Amino acid sequence: MLLDCQDITYQYPNTELPLFKHLSFGIDMPGFHAIFGPSGVGKTSLARILTGQINDFTGTVTTKKDNSKILYTYNLERLPDWSSVENHLAKVTPSGKEDLKEVFIDFFGVRKIAHYRFSKLSLGQKNRVNLIRYLVQAFDVLIMDECLANVDERRREAIILKIKEHFPDRCFLYISHNVSEVARFCRQITILRSVHKSPQAIAISGLNQTKEKPFEKETLEKTMLEVMNAV
Amino acid sequence: PASATDVKITYRLKWLFNVSAAGDLYADADGIFEAHGLYVTVKAGGPERDAIKELELGYADFGVASADQVIRALSKKSPVVVIAQLFQTNPLQWVYRDTLSNIQKLQDLKKHTIGITYGGNDETIMRALLSAGGMDERDVTYFSVRYDYTPFYKGRVDLWPVYRNAQGIIIANKLKAAGETVRFFDPAKHGVQFVANSVVTSQRMIEKDPALVLRFLCALLKGWHLAMAPDNQENAIGIIQKFDTDTPLPTLIRQLASTRLLVHPAGTSIGEIDVNAWRQTEAIMLAQHLIPKPVEIEKSLELGIQQNAHQIVSKNILEKTNVYIEKESP
Amino acid sequence: MLYRRLYQFFIIYLLGLAILFTIKYTLRLSEYVIPAPATVLLTVAEVYARYSKDVFDTFSVAIIGQLISIGLAIFISIFGRHASWVGSFVKVAAYNVQAYPIVALAPIIFILLGDGFLSRLLIAAMICYFPLLLSMLGIMSEPITEVEHFYAATGRLRWQLEVKIRAFENLHKLATVIAGSATLAMAGTIVAEFIAANAGIGYSIRIALYQSDLSKILIALFFIGITLSCYQGFLEWLGQQAGKLWAGNA
Amino acid sequence: MLYRRLYQFFIIYLLGLAILFTIKYTLRLSEYVIPAPATVLLTVAEVYARYSKDVFDTFSVAIIGQLISIGLAIFISIFGRHASWVGSFVKVAAYNVQAYPIVALAPIIFILLGDGFLSRLLIAAMICYFPLLLSMLGIMSEPITEVEHFYAATGRLRWQLEVKIRAFENLHKLATVIAGSATLAMAGTIVAEFIAANAGIGYSIRIALYQSDLSKILIALFFIGITLSCYQGFLEWLGQQAGKLWAGNA
Amino acid sequence: MLLDCQDITYQYPNTELPLFKHLSFGIDMPGFHAIFGPSGVGKTSLARILTGQINDFTGTVTTKKDNSKILYTYNLERLPDWSSVENHLAKVTPSGKEDLKEVFIDFFGVRKIAHYRFSKLSLGQKNRVNLIRYLVQAFDVLIMDECLANVDERRREAIILKIKEHFPDRCFLYISHNVSEVARFCRQITILRSVHKSPQAIAISGLNQTKEKPFEKETLEKTMLEVMNAV
């Protein structure tokens, strides 16, 4: 198991009912996976449990290497505004990853605004710039919490494919509300359901589309339906 | 008129409650004011206080002010009059260690580092002394004095200005405890008569109710008489202690003794207004351009009232009975 | 929390004494420059009752003074928060008054207010309110768009609401400054008493200075410090409670 | 902007005078209590040269003092920003020192530093740094998650960066406080001169007080006010420039 | 014309090239309309021009009634945190609209978290709560800038239909990156294109789906294609 959550129960302080009850799920292979579920079901909370930002839960979170690096990025993050986006990216890029960074800057379409301060960017531009700085870091698991939510679909799909191409052996947990996208690009789709249902998490395998391997319409629709029904 | 009935009066001192106000406090605490039908609030003073201003503003009816304050006030047309002079000798003197050669003549000041409060009347006095001795600032080193005595303690300053009867005693004690002895340099002994604390009131008051002024002054002087009377020391000390809680008894006794010498030196009467000293004070201030032109100080010295009060008081001090009230009241 | 504050204060105070005494004994300074520990102890026995009373007296004035200055700061920062003419006028006024050393203003204050409680209070407040004013100005003049946008767009953003929003978003900063300003209220009151010379520990300090009695001053500082540490602790606790209540255990 | 500041200061000053003079003439007070306008003018002619020089002298000390206290405040707030033992210790220390009235500390300061420039500077800094400290503490102890998350997660959040981020996000507030603290630096220096030095406007004020010469004090206040208004204006302008530069004309 | 922009040219201070050049477009009937375009093309900027937050542009923005109320809401807005979401909603609901508010609270699925402080909500919950308070205001035009971006598709669609049902005669400008959604639910889709293309804005009519009138798959795909090609 790359990542394994067993029997997780958690309730936020002074709330009526628990958010998770005996929640279990696991990721056993690298790839571009999804965590999917209705708004408010607990995706972000789960991510914060995985990264240890929440630690007063019961149950166990285990990773293959016990020093696996789990990074978490979300769509409200900001870069400091005291210098241009490109300077910041340059600063936080580990040596050896410079070329990768340049590739992403071009491919994500932020080259022509790379000399702006972050605050001047559009939402989608912010999303992309922020994602780049995470991609060039060292990580085993990267949790992407709606961190492309404000990017247009065409570009978003291109970006996802690019990521899959560059990091075949890393593990991504992609949190998004776009069913078709999740169904098309993700390998394992972990569906979070309300605490009343059990099991609270169900795994569905997606089409895991790549540049090489396009998808068939029917399977997509089947999977999408499967996902929607599972929720 | 006010003089017949009981009156409320506010009396502003020059400085914090201490031995320099012995008589004022005595008159208050021993019920002398009441006995004279006066209900007096005695208020402590301080460097940021100015009795003369309070007279004008009506915050006070009588007050204690130093001569230089009075003269400045007069030169600015403040309607103030002097009804008594509490110190016959100015308590402001300079303390120095006896390791310093004894200062017998003014020229002995040469080359010494002398503490002065810039703008204070110790500066005025020192300049007067220097010019009297045919010297000026260049012959000595001035050192600006502030709240703490450290520079003197650490020997950076040779002469330090103190109130002989108050701080003077305290410092002498401290150094004594450390096995050092001190002397005091008294300007008066070198011909500089600079008047210190005096009792003042407003022109208005004198004109409106001279009897009241007389009555107050009598009570006050009686207070001073009793406070200064050697055979009455216990009472005096007891009263001062009530107000000045911070000074230990032995110190207080010494302070009182020293105060006696300043308030009631041989051949003077308590409260006596030394006109010549006042004239000299004015002359000094004029010479140092602290006032633009003469104020004719003697015009503002109420000698009459003072002498009148003195006779009454010394009389019934002798009789040890308070005949004054019957006399006055109709 | 409070305990820590207290014993940390003790440490600091003792450290201070230690330094003084080392200076005394290394430089062989005599008793009258820096008193010996024994002397200090004797003085404690002599004055502790009176001084603790004085400090308490001062402290109670300080609290009122602080309350006043908080009110004052809020008031001025509300006017001063805009770059408008009035805003800048109020600011210029507030700043200038502050620039004048109290010692220089004191005589004028006494002329206008007479001596006693009122002057004492005013001076204390004047010394205490300015830091409050500065941070409040900073906070109040900075819009919080994501929150204010709706109210502005729907014409609901009356100044009370604006102030409320900005204060709330900066609750933590405000709490820090207010708690800290207690210190200044205390210092202010002491200075006031020092000048007005009629009551409180400030008055006692003045006398001690006049009599050049360092040990008394050291003791006064001790009482001041301990009172303040407690009050500080209390205020911070209060701030946390308020925060919890208002922000709902956030 | 600067012009406005200046003439607003004039208005305030004249208002103050007006009040004093009204009191004078309604209560028929003598020159001694409140001088007549004519006297004040005469005094101006007499002292303006000396006083403006004095004020300038004081002002230069104040600037240095302010710089020092900014440094001091940054330093302490960096240590004090955490709820750690050291943090609270530093804070307790800073607060207590502040609570002690300078006049009471002065003797000790003089024992340690001797009199003259250094003590003067120290006292000025001590009076000026505290408000700075308070707001900086408030600012520095409040995390800015959306910005800091990445650096924390990737182990890059060294304290320098943390401080930089929090300072930058609160640039406007900091600018306000720093500009405002100039006032305190000035007041601080004056007080220092008042109780210590033999130079500067504080010293002149003390003499004027001894000689109970209100007109001189009024003139001193005028020079202080005008110098300060200019400096204030300058600092605010500087703050804006710095902001523009750092935040890229944001 | 309900809303008419003529010949709008605008360039942000210290940027190389203008964002809009002679941009013209108009909305001539009420309904649920869209402004669509790639990330960074200028949708938000355009919205800020329409609401007057940006006013140093050249060109004219005219509305039918010259006192038309244009409201703008975006997905980063926050409610004050000093009291519960329901209190805030109650406070800002004009009298007469209380029932409407209650309807939305239920229908948007925020009833069970209505007693929380805003900061405790999930992104999607925040989106919905924020939208409710705008819907109960008086407005002629409401610009919704990605203000449902973090809500799951199912709920989002339901919400859009609800809005259309309740406000047939108001004008909405819906900014979103979800092509199919825009194509299905919007009446007029104004497509913003990069400043190099001209005209910079193209109008396409969407399926304008409502509860009553469902849509045909083909037309949807046609429209989606049309939109994608127009971009």
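For reference, chains read A, B, C, D and E in written order, and residue numbers begin at 1 within each chain.
Going forward, a contact is a pair of C-beta atoms (placed from the backbone, for glycine too) under 8 Å apart; a residue touches a chain by one contact, two chains touch by 3 or more.
Note that the coordinates shown come from a computational prediction; the quantities given were computed from them, not determined experimentally.
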Common touching chains of chain B and chain A: D
Interchain contact steps from chain B to chain E (minimum; 1 if touching): 2
Both-way neighbours, i.e. chains that touch chain D and touch chain A: none
Chain pair that, of all pairs, has the most C-beta pairs in contact: C-D
Maximum centroid distance from chain A, chain identifier (CA atoms): B
Geometric centre distance via CA averages, chain D-chain C, whole Å: 16
Centroid spacing, where centroids are CA-atom means, of chain A and chain E in whole angstrom: 27
Intercentroid distance (Cα basis), chain E paired with chain D, Å: 50
Centre-of-Cα separation between chain C and chain B, whole angstrom: 38
Sequence positions of chain D contacting 2 or more other chains: 33, 103, 107, 111, 206, 209, 212
Multi-chain contact sites of chain B, meaning residues that touch two or more partners: 48, 50, 53, 57, 147-148, 150
Per-residue multi-chain contacts in chain A, two or more chains: 76, 120
In contact (per the touch rule at the top): chain pairs: A-D, A-E, B-C, B-D, C-D, C-E
Contact set on chain E toward chain C in their complex: 51, 71-73, 76-84, 92, 117, 119-120, 130, 133-134, 137
Chain C to chain B touching residues, read off their complex: 29-33, 50, 103, 106-107, 110-111, 114-115, 195-198, 204, 206-213, 216
Chain D partner contacts - residues on chain B that touch it in the complex: 47-48, 50, 52-53, 56-57, 69, 72-73, 76-79, 117-120, 144, 146-148, 150-151, 290
Chain C - residues contacting chain D, complex: 4-5, 8-9, 11-13, 20, 23, 33-34, 85, 88-89, 92-93, 95-96, 98-104, 107-108, 111-112, 130-131, 133-135, 137-139, 141-142, 170, 172-177, 180-181, 183-184, 186-187, 190-191, 194, 202, 205-206, 209, 212, 214, 217, 220-221, 224-225, 228-229, 232
Chain A residues within the chain E interface of the complex: 12, 37-40, 44, 75-76, 109, 113, 120-125, 127-128, 146, 149-156, 177-180, 228, 231
